[in-house]
Amino acid sequence: MSRSTYASPSISASRIQMPSLETVAAWLLALVWIFPLLYAVWAAIHPSDFVASFDLFAPLTASNFIDAWNEAPFMRYYLNTFLMVTGILIGQFIVCTLAGFAFARFPVPGRDVLFMLVLIQLFVFPEVLIVENYRIASGLGLVDTIAGIGLPYIASAFGIFLLRQTFKTIPRELEDAARIEGCSWMGVLLKVYVPLAKPTYLAYGLVSVSHHWNNFLWPLVVTNSVETRPLTVGLAIFSAPETGVNWATISAATLLSIAPLLIAFLLFQRQFVQSFLRVGIR
Amino acid sequence: MTTSMKSILQGVTLAGVLMAGTQASAQDDAVELTLYYPVAVGGALTDVIDGLVEDFEAEHPDIEVDAIYAGNYDDTRVRALSAIEAGDAPQLSVLFSIDLFELIEQDAIVPFDDVVETDEEREWLDSFYPGLMENGQLDGETYGIPFQRSTIVLYWNKDAFEAAGLDPEQPPETWDEMAEMASTVREAHDDDDQWGVMIPSTGYPYWMFQALAFQNGHRLMSDDGTEAYFDDPAAIEALEYWVALAEEHDAMPDGTIEWGTLRQNFLEESTAMMWHSTGNLTAVRNEADFDFGVAMLPAKEQPGSPTGGGNFYLFKDSTDEEKRAAMTFVRWMTDPERAAAWSMETGYMGVSEAAYETEALREYVEEFPAAAVARDQLEHSTAELSTYQGGRVRRALDNAIQAALAGDMAPTEALQQAQQEADAALRRYAR
Amino acid sequence: MRAVNSDRRMQVYGALLLLPAAILLGTFAYLPTIATLIDSLFLPGIRGEPPAFGGLANYQALIEDATFWKVARNNLVYALGTIPTSIALALGMALFVNARLPGRGFVRMAYFTPTILPMIAAANIWMFFYAPQIGLFNNLLDVLGIDGPNWLGNPRIALFSVIMMTIWKEAGFFMIFYLAALQSLPPDLQEAADLEGTTRWSFFWRVTFPLLMPTTLFVMINALINAVRVVDHLFILTKGGPNNATNLLLYYVYENAFSFFDRPYAATITVVILVVLAIVATVKFTVLDRRIHYQ
């Protein structure tokens, strides 16, 4: 994002004084956009009586967080989400690296057709096929396992595409040099390609982690028990309006579920934005 | 630490390794039971269940119980059946009392009659209120044992009644009275946004409607679950009354009223009366900072309410030993003392007469008479709407109710459409 | 001779590298797609019988199913309601953040934050806004003396309420792509325009907006896919109600498969979704960016 700092001087001197109307509009929009989150924080740190009636001097409390923490096994949900997200990430890195490498450098017969087939998965996601994917997961004994949540996402078309593009930009000479030194293909991949694609891995990793941290429908369908439920599913059944759990507790639970990712985002904002950009633009 | 390290390593090798969320068993010879259960009202009931399970395990070291909270009734049924399909069937579960036909169709459950052995156990099977057994029995066999059971009751805010010039101790006893009182409250509080009455119309609209229809002398389905009767004049009249509460009497807000937030509405005093499950009673009692009362629902031709809530079911795909252990657990959970404690903890009914005869519940009822209203209403109760293709049939009715309340369709038209949809869903089931 | 051998070896090696991805994609993308097509030709078994072949009976039922048409229409309205507005907002946000602005870092963060929340969490928060009587929106409107609507309970408004939340969730995400595009525009264009004294407004419409067209199309495709794919919020906000006013195709699939136990019918609706996605994919691959993939 740092480039934006250098982009603005191009605006001529006559327009350096930005019309305040725009500033006001930008800020208003920003406040509107951040407001829901602020409201959730407000609701979570005050007694439930104040959820519906705003009072600047309402007493602060941590009891909503404590209630939420005690009423649902959030620790376990964190662990499940963590295992799922890391498992998916590692799986994706391995599978997509191999496939991306093959598409970038190997004369596999029918390569273009195969690549097209892979790209179709950019449109046909596991969620769209929940009915049949559920049946397949069930047949493979994957229902109610963390592997079951993750496996359909491992061969990510997006990841394959991204790494293929990156690998293609790496000069052949580097590869040839490594070959001359006696590196095997695996050695070339690990010593030349993977290190040079580091920024892509970082970007793709951040996007993958935030996507799967937030993913809901497929995990909902494929998990049955506390031992496998990720945060989103745990949060959804904890706070389903049916239970009539009070709002302050739900707000606290909601914040608990988003906290790790949100904090990571606030700390590494630039990397996040850059990553989304890098993989989004393709 | 070592176990969590192990879990992490397992997660790391995820691409190749298929791992199940298995728990190491503490005792090799113990019978392990898994059960799914729902929570539909009243907040933090998971804590209560966990506590009960712990007590049970302490008393029965040879049985281990893994009780899994799985969301609302629909979610829980989906989870239980999904586990069966995946070959990981639970031995028992608490599911919607009206899931009976669906579970039988999926060939998932066995009757308790197959598992009981002694006379004492047979006696236990007969110890529950007959009204609570209606949804759980088919062709003379008992599939569902009542656990978290309810009827719909009327909660009213005595302070609001008083402020509107009504007798705070006198809840409405008929439809007309309720409409009248509700609009009186509304007129008195028009400026501060307090409504007269709210009947929830999301979540389980068919349940509320069934109460109205039954009060008007009408049952919505056949006993064998193959026919629905939604467009009967008595049913239409019931829906017209519901719609009129908003349209004519201006006593209820327009549009649907959310099942889940209704308790909050009542506690925030944005309505003077609400219809809700008795399972909310303890939560309302704990949180209300005004004086409130609980009454049976008002009558038209007759007073009455459908029963509701969850039953214990035994699943087919388990060993005899597991079935026996499961029954031991169900017996323990429905034992009068426990049923009494559960009732006090939640507001759900004590499921047997013996529960209300325990000292604890007798004293509780004496001090807090509202706790006995749901039970007293049982003699005017009817089975909850339960048919084959229950999901579709109920949804057809729910949609009709919501369309009528929103003013999109006239009650007659809406219910006729629901009837057609229900008939279509049940076409292949006619005996 | 040696070259041929090594060529063959390269082919085999490449195929082996592709194998894990091929197995996984086969299992979780192609196989289920084909199974969906086959499954849609069967009727569910009743009273415990196995499913029976039904030909096109499910498609016949689908055509006659008023709910399906309503849900399909909802999805179209949902797409039309979310996409143009979030794109316009995203572009506006990008222009704001790209210009000189006091507190730009905060503003950008505010716009982007909804993107990293799970839909479930966002829906939880918005649930409090929408609750009638006690919800925040109606409390605020009350202060202004306006009787707020029943946001999620009135079938004529409910879909709009869902759309509003979705826009809030998505606009910040799309903003990023515009931001990137804006920063890659050559600065001399702006300088030339300045010299000619072009107004900002006409500069935007005559220069910036056309140059951003590829980004707009890209964002549009993404938004279109999301409109079909993401139904998480319905689980919290409305469950598709009231009277199916907010039901979307994928949620209808879920209901049929898991609440009504009618998997073949769910498969039939899935086929419709697949057709829609196939059209989107075709448009993307043939019209929009042929150049990217076959360079």
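Letters A, B and C mark the chains in the order given here, with residues in each chain numbered from 1 onward.
Following the convention adopted for this analysis, a residue touches a chain if its C-beta (ideal position, glycine included) is under 8 Å from a C-beta of that chain, and two chains touch if they have at least 3 such contacts.
Here is each chain with its UniProt name: A = Carbohydrate ABC transporter membrane protein 2, CUT1 family; B = Carbohydrate ABC transporter substrate-binding protein, CUT1 family; C = Carbohydrate ABC transporter membrane protein 1, CUT1 family.
None of the values given here were measured: they were computed from a predicted structure.
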Graph class of chain-chain contacts, one of line, ring, star, complete, other: complete
Most widely separated chain from chain A, with each centre as the mean of CA atoms: B
Pair sharing more residue contacts (C-beta pairs) when B-C is set against A-B: A-B
Centre-of-Cα separation between chain C and chain A, whole angstrom: 16
Whole-Å gap between the CA centroids of chain A and chain B: 38
For chain B, residues contacting two or more additional chains: 15, 82, 258, 261, 264, 268
Shared interface positions of chain C, touching two or more other chains: 20, 134, 258
Touching two or more other chains - residue numbers and ranges from chain A: 52, 94-95, 134, 140, 151, 154, 221, 236, 240-241, 247
Complex interface listing, chain C residues touching chain B: 20, 46-48, 131-134, 142, 149-150, 152-156, 238-239, 241-244, 255, 258-262
Parts of chain A lying in touch with chain B, wherever the complex brings them together: 52, 67, 70-72, 79, 82-84, 86-88, 90-91, 94-95, 134, 137-138, 140-147, 150-151, 154, 221, 224-228, 236-237, 240-247
Chain B residues touching chain A - in the complex, by the definition given at the top: 4, 7-8, 10-12, 14-15, 17-23, 34, 36, 39-44, 46-47, 66, 68-72, 75, 79, 82-83, 85-88, 203, 258-264, 268, 280, 283, 287
Interface residues, chain C side, partner chain A - complex: 7, 10-11, 13-15, 17-18, 20-25, 27-33, 35-36, 39, 89, 92-93, 96-122, 124-129, 134-136, 139, 168, 171-173, 176-177, 179-180, 182-183, 187, 190-191, 194, 200, 225, 228-229, 231-232, 235-236, 250, 253-254, 257-258, 263, 266-267, 270, 273-274, 277-278, 280-281, 285, 292-294
Footprint of chain C on chain B - complex, ascending: 15, 74, 78, 81-82, 102, 105-107, 193, 195, 201-202, 253-258, 261, 264-265, 268, 270-271, 388-389, 391-392, 395, 398-400, 402-403, 405-406, 408, 428-429
